[in-house]
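What follows is a group of structures, each given as structure tokens.
In what follows, chain A forms one complex with chain B and a second complex with chain C.
So, the complex of A and B:
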């Protein structure tokens, strides 16, 4: 099925119903009558999207959707391909399936995600895979690939999630994280890993390490060879041989928490 | 009457020849075992081989070693999960539970202890045993679990960094005890034939020849006159007693016998190894090639020599 935005919403449009599980079992005429929220008003999908049946299981959504929220929310399976920018809460609480965004995304991508995969070819906003305010835990699984840059609080409170960033990250990358892995191939902002309990943050470039982290050693982690092989095979990221076979500084922290997390910083 | 029976036994029916070697019209009887394929990698070949040889040490026969194990293949960095040189090992036991135990023991004592190594499952199988998940406790709470592509790995801190091991190892029902016997006129000719056979058999994937250099001189039969023993020498192939053993299968002109035992991941692999091995072994001075069976009482697999050549 193919959905194309024909009218730009004036206020955010909440499109939780746009998931393969909902769309793929309906005919085009039935999809047109699906309800979405334009601000606080209930409207039909057809008021904003033109729908065509391309006889494919792949759900294609296109247009400038930076004001469209909750695309692919609660998704359990299937695949969405988005052409253009998309707004906040993409893939909220998703537990399976695959969302590919050929464009940029807004803030709060994949909150409460527990499985599945999101691949963003452009940049992302603040609070990607981040715990909601007041919640102690954020995502609990899944994989997020961002080819461009991402802003602050990436992976705040996350567990068992893998996040791969081709560009730079903002401040507080991996703040309060419980477990999982974040790879930053660009520059990371300040206070990386602050309050982390467990988990791994891998940085290709040097970072300012917080004083509550303790230096361990320089070594060649075999785990990273496996991890980089996976990244090379599943993304377009350029992972040079010298990075794969290189040495890394290991820092343990954060001492204000369990002190069981690690920063692995490439040392060349 | 007894003399006729004896002569019949001594002159078993040879249905064809390879070169001048008689191939006896019989079959090798093999049985069901469980196997795991273990990939060992290390910083370089020296250490990978060291771990592989240690792990497959004293693992010739389930009769006395609790498992049978051997090196399947040497692997290039392109063939291993972490891009380092490695070896694939096959380990066989009689049941799935004991396979898990043997893997934990042998990987824990022989691979984790070896500098720079890591250890992965080589089978992509629905049936698994927990190996890394048991060995992780060696980390005394400092171990780290990581999931890559839905597989969990454990990072256990050791003196040179970390020992990486996959949590679950794929296992599958396999074939143990494929075999053929090489009967010749003297030791050196027979050993040369064994050497040539094992050399080509090693090129076959998914098989091991678990005995020293792939060859057994103390082939066994099931049971013994001594009740405590589950196996004893297969006296019918011992040339030194052919004059006194009534059911000896050693022909008059044969003075040496050797056995090559093959364990494989499946029937196809065992068949192929036996086929190339027999063809390589059939040479001047090798009088006869035959195989060991127990009338179908031991195992469910029968490898008829006539079907393999």
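So, the complex of A and C:
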């Protein structure tokens, strides 16, 4: 099925009904009548999207959707391909399936994600894979690949999630994280890993380490080679051999918490 | 009462005892006002600070219409009808401000936004909003200012300048007053100021700590780690600008006091790290309870901004940035806070109550709120850039001077107001009650599902 934006929303549009599980079991005429929310008004999908049946299981959505929120929310299976920029809460609470975005995304990507995969070719906003305000836990699984840059609070409170960032990240990357892995190939902002309990943050470039982290050693972790092999096979990231085989400084933290998280910083 | 003036003219004078100043969050309720009832001006404000004197003595009844639409004078009812129509037709209306009005008027705001499916936000979102977020994340080790006066022997101000922003805070509550367990006033207290620059506040400090700009979080984090038994690092000076020995001494003083309190300001909440800074400070205060009694409190600015937080919290469950467009309250600062929604050109109507965003907000937000894409409604006591730019503008009387009601002091203690004299302008409460009724009528006509919800 193919959805193409024909009218730009004037105010935020919340479209959690645009998921493969909902769309793929309906005919085009039925999809047109599905409800989405234009601000405080309930409207039909057809008011904003033209729908065509291309007889494919892949759900294609296109247009400048930077004001459209909750695309792919609660997704359990299937695949969405988005051409263009998209707004906040993409893949909110998704537990399976795959979302590919050929464009940039807004804030709050994949909050409360527990499974599935999101691949963004452009940049992302703040609070990617982040715990909602007041919650101590964020994502609990899944994989997020961002080829561009990300702003603050990437992976706040996350568990068991893998996040791969080709560009830079903002401040508080991996703050309060419980477990999982974050790879940053660009520059990371300040206060990386603040309050982390467990998990691994791998940085290609040097970072300002918080005073509550303690230096352990310089070494060549074997599992990173496997990890980088996986990254090379599944993304277009340029991972140089010297990085794969290089040494890493290991820092433990955060001492305020359990001191069992690790920062691995490439030793050039 | 009638008294003779210096030139023997008879003045119709009124004395108001124990009036409350609503200029700042201290809400000092011991002011004695002398009012010239003929001229309708306050001539004396005994015991008020420099800010309070300015607040009371410069208040005049302006000669201007109660209500205007596009600059033309209209009746109050016409203005309210137009405002209600705008709010009901809007798809993403916002309500912002509320920090300079009474709680009774604030109570009308959430039902208005609920009925028209909009977003309610207070000035908290541009001052102590990060603290509100941190309360949710880490909790709030709290107290009243009375407790501080009577018990605190360690008083710390972090990232604020109360000598100029809350001038009576020292004398009434925290530094010099003689309390039950601090009978010698300042001699029984250690006063510590942490700031990035030497301000007037630093003059009262026993210990002034000049921090490297933007390193509040790092110092707080080191102190938190010290609570867990981790040594202060040797490169402490490089990290935050303070010697290791100084930070160790600070930690020992915090740990060994009988009752410690930290007041924090926007130097902490609005610098890089925002809610993590506030969260780190409150978490530190909580951690210190392993050793002694320790509390923390934001030093709030506007007279009743604390009331706005309380009222919106008890009505919606969240303190600010609450959206009703899906029929239930949703809280997400950054997504539903006013500066952000305006800067992203999302809001299509704005109801501004007792606030002046056109004078204070970032340019993209001002450009949008004053554009044709966003219908602006202003309810304010004074002519401001916002009220001048508004499509519908309603002038109201000033709380604490012309109208009574309830405000919350910065420590969440409710205080009653004692107005000095009447105003020809309606109160915020009267205007907002009428607007709420009108919006509710339109909402029921439009079959909005939540129009019949009951509010306390």
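In this section, the second predicted complex is superposed on the first by the 268 of 268 C-alpha atoms of A that agree within 3 Å, B and C clash if a C-alpha of one lies under 4 Å from a C-alpha of the other, contacts with A are read in each partner's own complex, and residues count from 1 in each chain.
Simple rule for what comes next: a contact is a pair of C-beta atoms (placed from the backbone, for glycine too) under 8 Å apart; a residue touches a chain by one contact, two chains touch by 3 or more.
Computed from a predicted model, the values in this text were never measured in an experiment.
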Looking at A:229, would you say it contacts chain B, chain C, both, or neither? Reply first, second, both or neither. first
Partner touching more residues of chain A, chain B vs chain C, is chain C
Once the structures are superposed on A, label A:258 by its partner contacts, choosing first (chain B), second (chain C), both or neither.
-> neither
Q) After superposition on the shared chain, which partner residues are touched by A:126: those of chain B (first), chain C (second), both, or neither? A) second
Please indicate which partner A:41 is in contact with in the superposed arrangement: first for chain B, second for chain C, both, or neither. second
First (chain B), second (chain C), both or neither: which does A:218 touch? neither
Exercise. Could you look at A:210 and tell me whether it touches chain B, chain C, both or neither (first, second, both, neither)?
Key: second
Determine, under the contact definition given at the top, whether A:172 touches first (chain B), second (chain C), both, or neither.
second
Note: in the complex, chain C contacts chain A through residues 90-92, 116-118, 133, 136-137, 217-218, 221-222, 224-225, 228, 230, 233, 235-236, 239, 272-273, 276, 324-326, 331-335, 344, 346-348, 373
Chain A contacts chain C in the complex at 10-12, 14, 37-41, 67, 88, 107-108, 126-127, 132-134, 136, 171-172, 175, 190-191, 194, 210-212, 255-256
Interface with chain A, chain B side, in the complex: residues 41, 81-84, 116, 118, 144, 146-149, 153, 155, 160-162, 164
In the complex, the residues of chain A that touch chain B are 160, 162, 181, 198, 200, 219-223, 225-227, 229-230, 234, 244, 262
